[in-house]
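Here chain A shows up in two complexes: once beside chain B, once beside chain C.
Moving on to the complex of A and B:
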């Protein structure tokens, strides 16, 4: 047993038992971050803040929401929106944050791709991040079901139908997922459970893994420079703050995180109060009606690119393409055969074109996924989907020709 | 080292805004028809244009079929011939419709020019009270009280509804000689131009002034006989009452259900509850839809209601009170939160500058 002495202060008393000083050093003041980074490195903190907003607003909504097909719509649109003080505010924060979190995830993700932050020991960061994307997608989808509006019902119908596997006709699987032949009470109850318990637990676990994965390889930097963290941190602690290539996480980097978060929150609350329509589809303010299909069924904007990879093909090929699109990002660290772990613009023209084309093409797919499936949109969507697949197939080839910079 | 952050920010903002533009304003512009208000005048220009468009569409199909006919095999020729004859018949039917509408709206315009005499109108108005008497007769719907009709509805509409209810309501696709509009017989009761002008003058005279019309009155009188608004406790038969005994509550509910059954027969389906329509359809859609339901939902059995622009605004206001009750609070809190967050961002910036002074 450790040796305990009579405490000199409350802090000392706690410190002897919980080693808070050590924890503070490991997590904050001596957690070293490269100095050569830009505001895109603050997206992790922005995501944490958005997740906390989702969690807190979700807890308040949970106090009044009723997971029952007869009362769910009413509990959201009457009880929460009209009766409960500030219920509307929590709902708008929850809805907008659920949409904006994907914008930040995509920015975070493309930052990682651009700076090669998935290579040379950082593979686990990428993999855990991609698993987080999967978990967030499941969380968003299950949450979308809960208000039991028209889009909840029909999106639930369409997405669970995908599990029939086209020509496999695995209708039994679809019924097993729904707990009924069509989305009904069993379906709503289980998606409620997924949304408020199981998936949030998975997300919390994955966030822990994502952070842990950062510990050993450290955060990347703008130039992909390999930094000797021991030497540089010694330099910092010896007083040469200007000369050192590293800074403390707290408060050095944290102050920058907070500055970026401040600007982000101005943008976020502008959306919450003045421009929330994009995150709360009007169609979902009609109560669910199994006898009336909406004129246009489309997912939320962040799923549109993969929806458009599914849509232009025949059902079986579409499902294969869709599965490919869902899984392929996980393979990025292994498909990129390049010896370089640096920014895309310094890796030669091939990868630079690949990167900007991928980004642009995914935006094109996103747009076509929302537009009605008629010409010219379906033709553009078809070729964009083909291009997406071709780009991924070409990645190992073009990167293996890349020379060490 | 050159500061690249402004450039990076510009790139991030550009791609985010491009995505937003394509997914929101652009996609919605493609998904939904743009309909603009014609100023709630009901002069028939919309109605006539609708039929003209149908005719030109039919003529185009016919022309295509005729071109195909030339090179078709004998077998196909027979089929094409039938199709051509069908579209010829359709065109003829639509042309009759067009002519009827043109005549009708020129009649309305002519009557609108006559200066009606309210005193004479009062005597004729007794005819209307046979049905419009708040006695609860159900004729598809309950004939509305006409006490304030003169303020809710425009003059053109009031003239039109007496001249020919089917025409002014733009539901001639729904009614026929075999299936008459419940108010069809008015044509034979009040038929001369002067009589119509006089009744309309009377209705306009007895109505309250527009300033006295509340959003609730506007909604309940012009929309509320078909559309419930559960969130405002409004049923098609009036505001839900509280009863001491459950059997009275149930009896009232049954009355509503029975009335809804008759509405279903009359309209083809139960007209939807409008509690959340301000969020599901939005102000612009609702307003233009009220002006001419056919413009955004072709073939709907909902009649044009003929309200004034002012009444339409009040109906929209009522729907906001039902489905967006916290809008004023939202604006006020929004402003305060924005001020708070900007100050927070400012302090965060100052903190960062202070700390990074030693790092660069």
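Moving on to the complex of A and C:
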């Protein structure tokens, strides 16, 4: 047995048994963060906070929600919204957070792309981040089914049909996923299970992986500088705080994160109280009806860009293009052949143009996806989808010509 | 085997037990997600075909899915191309379009326009003519025709009659 001495304080008693001082050092005070990073690096912390908001509001919704096709709609729209004291608050928090979380995820992703933070040892951070995006997408989709309104039902219908693989006609697979020929009780129950247990567990695990992947390479910085963390932290601990290029994560760097988080939360709760409408689709305030499709079916805004890549083509090409769009971001660390892991504006014109064009194009695709499938929108959407694919195919070529700077 | 230590053997033995267990549990999990027997044994729907009016789309229900029934007028029948004709369900001398009312693209319900005599799917802009054949992509094929059997002036959905078998064999429907 290890050696234990009589404790001098409660803290010492715990410390002898759980090594909390060591843990605190490893996780906080001696976890080193570069000084030259801006507010965009606070997005990760903002995402953690948003996830906690989803978790807490979800737990309260769960107390009254009923996963039954006859009662689900009323349990949400009547019981939670009108009967339960502050029920509306949890629902608004949950809905707004589910929407805003994607805005932050996209900012976080494009920050990573801009600063080249997916290269030189940071590949696992990028890959685990993309898995988080997949898990959050599945979480949002399964949650969207739960109120069992018209959009719940028809989104469930359309998205599960994607798995028939077009001309492959894997209808058996679609029916297997649904547990029925059409979305019905079996479908609602299993998506409820996914939404409240399996996917949140997966998300927690992936967040752990994402953080673990950050541990060894550390976060990148604005200048793409390769910092020797051992040397710089030694300098800091030896008293040269000014000269060192790094600072402690807790509490020093955290104070900056929390400043950004504070501003974010004010904005977030402004949305929750005064502007929650964007997160609640009016069509979903009609109960599900399997014999009536709503006039326009479109997904939530965060899926629109990939939906628009599906839409202009015939079914098989559409599905291939859609799968390409879903999967291609995973390949970014390997498709970018350039030796530079620095900000886009310093990598020469080719990548700089590529970056801003990609960002703009995804906004265009998002806008076209929301508009009805008529001209001129479908034509613009068609060319934007082609451009998206061409840009990705061109990426390895243009980056392999990039000179080392 | 000769070189491996006793621990190595234990590891392999555990691996074998765990492998069998993993395959068996995946099988059970797959089967648990299958549609229930009560769902699969979903009943049959019988339609009285004398009740429909010409060029008026009626939506019936079979296995939870909408079923389009459209009685064709003489003018519509006369204007049909061979492709459209092949899709006709003929009951008691009248011609009908009978089809599963879910777009073959991704399953929205197309809406019928009585004046233009065609269907428009609002989801991704697909179109079908009044016989249920595709007029504009993305849908890859005409509306699917459910299994049916003609019985006097009635139509039984879910049962397979000779007319349906013929359509299926010639690839008119899936």
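Here is the rule we use: the second predicted complex is superposed on the first by the 405 of 405 C-alpha atoms of A that agree within 3 Å, B and C clash if a C-alpha of one lies under 4 Å from a C-alpha of the other, contacts with A are read in each partner's own complex, and residues count from 1 in each chain.
Rule of thumb we're sticking to: a residue touches a chain if its C-beta (ideal position, glycine included) is under 8 Å from a C-beta of that chain, and two chains touch if they have at least 3 such contacts.
Bear in mind that the values here come from a model prediction, so they are computed numbers and not experimental data.
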Fit or clash between chain C and chain B when superposed on chain A: fit
Partner chain in contact with A:175 - chain B first, chain C second, else both or neither: second
First, second, both or neither for A:243, with chain B first and chain C second: neither
Touched partner set for A:327, first chain B, second chain C, both or neither: neither
First (chain B), second (chain C), both or neither touched by A:157: second
Arrangement angle, chain B at one end, chain C at the other, chain A at the vertex (C-alpha, nearest 10°): 60
Touched chain A residues, chain B compared with chain C: B
Partner chain in contact with A:339 - chain B first, chain C second, else both or neither: neither
Chain B versus chain C as contact partner of A:296, first or second or both or neither: both
First, second, both or neither for A:366, with chain B first and chain C second: first
Superposed arrangement (fit on chain A Cα atoms) - minimum chain B/chain C Cα distance in Å: 10
Shared chain A surface residues [contacts with chain B and with chain C]: 295-296, 372
Complex contact set, residues of chain B against chain A: 1, 4-5, 8-9, 12, 15-16, 18-20, 22-24, 26-27, 30-31, 231, 272, 275-277, 279-282, 323, 325-326, 329-331, 333-334, 337-338, 341-342, 344-349, 351-352, 354-356, 358-360
Touching residues (chain side chain A, partner chain B) in the complex: 35-36, 38-40, 77-78, 81-82, 88-89, 92, 103, 107, 222, 241-242, 247, 251-252, 255-256, 258-259, 261-263, 265-266, 269-270, 272-274, 277-278, 280, 282-286, 295-296, 301, 304, 359, 363, 366-367, 370-372
Contact set on chain C toward chain A in their complex: 30, 33-36, 39, 42, 59, 61, 63-66, 102, 105-109, 111, 122-125, 137-140, 174
Chain A - residues contacting chain C, complex: 154, 157-158, 161-162, 166-167, 169, 175-182, 184, 186, 190, 290-297, 310-311, 313-316, 318, 372-374, 378
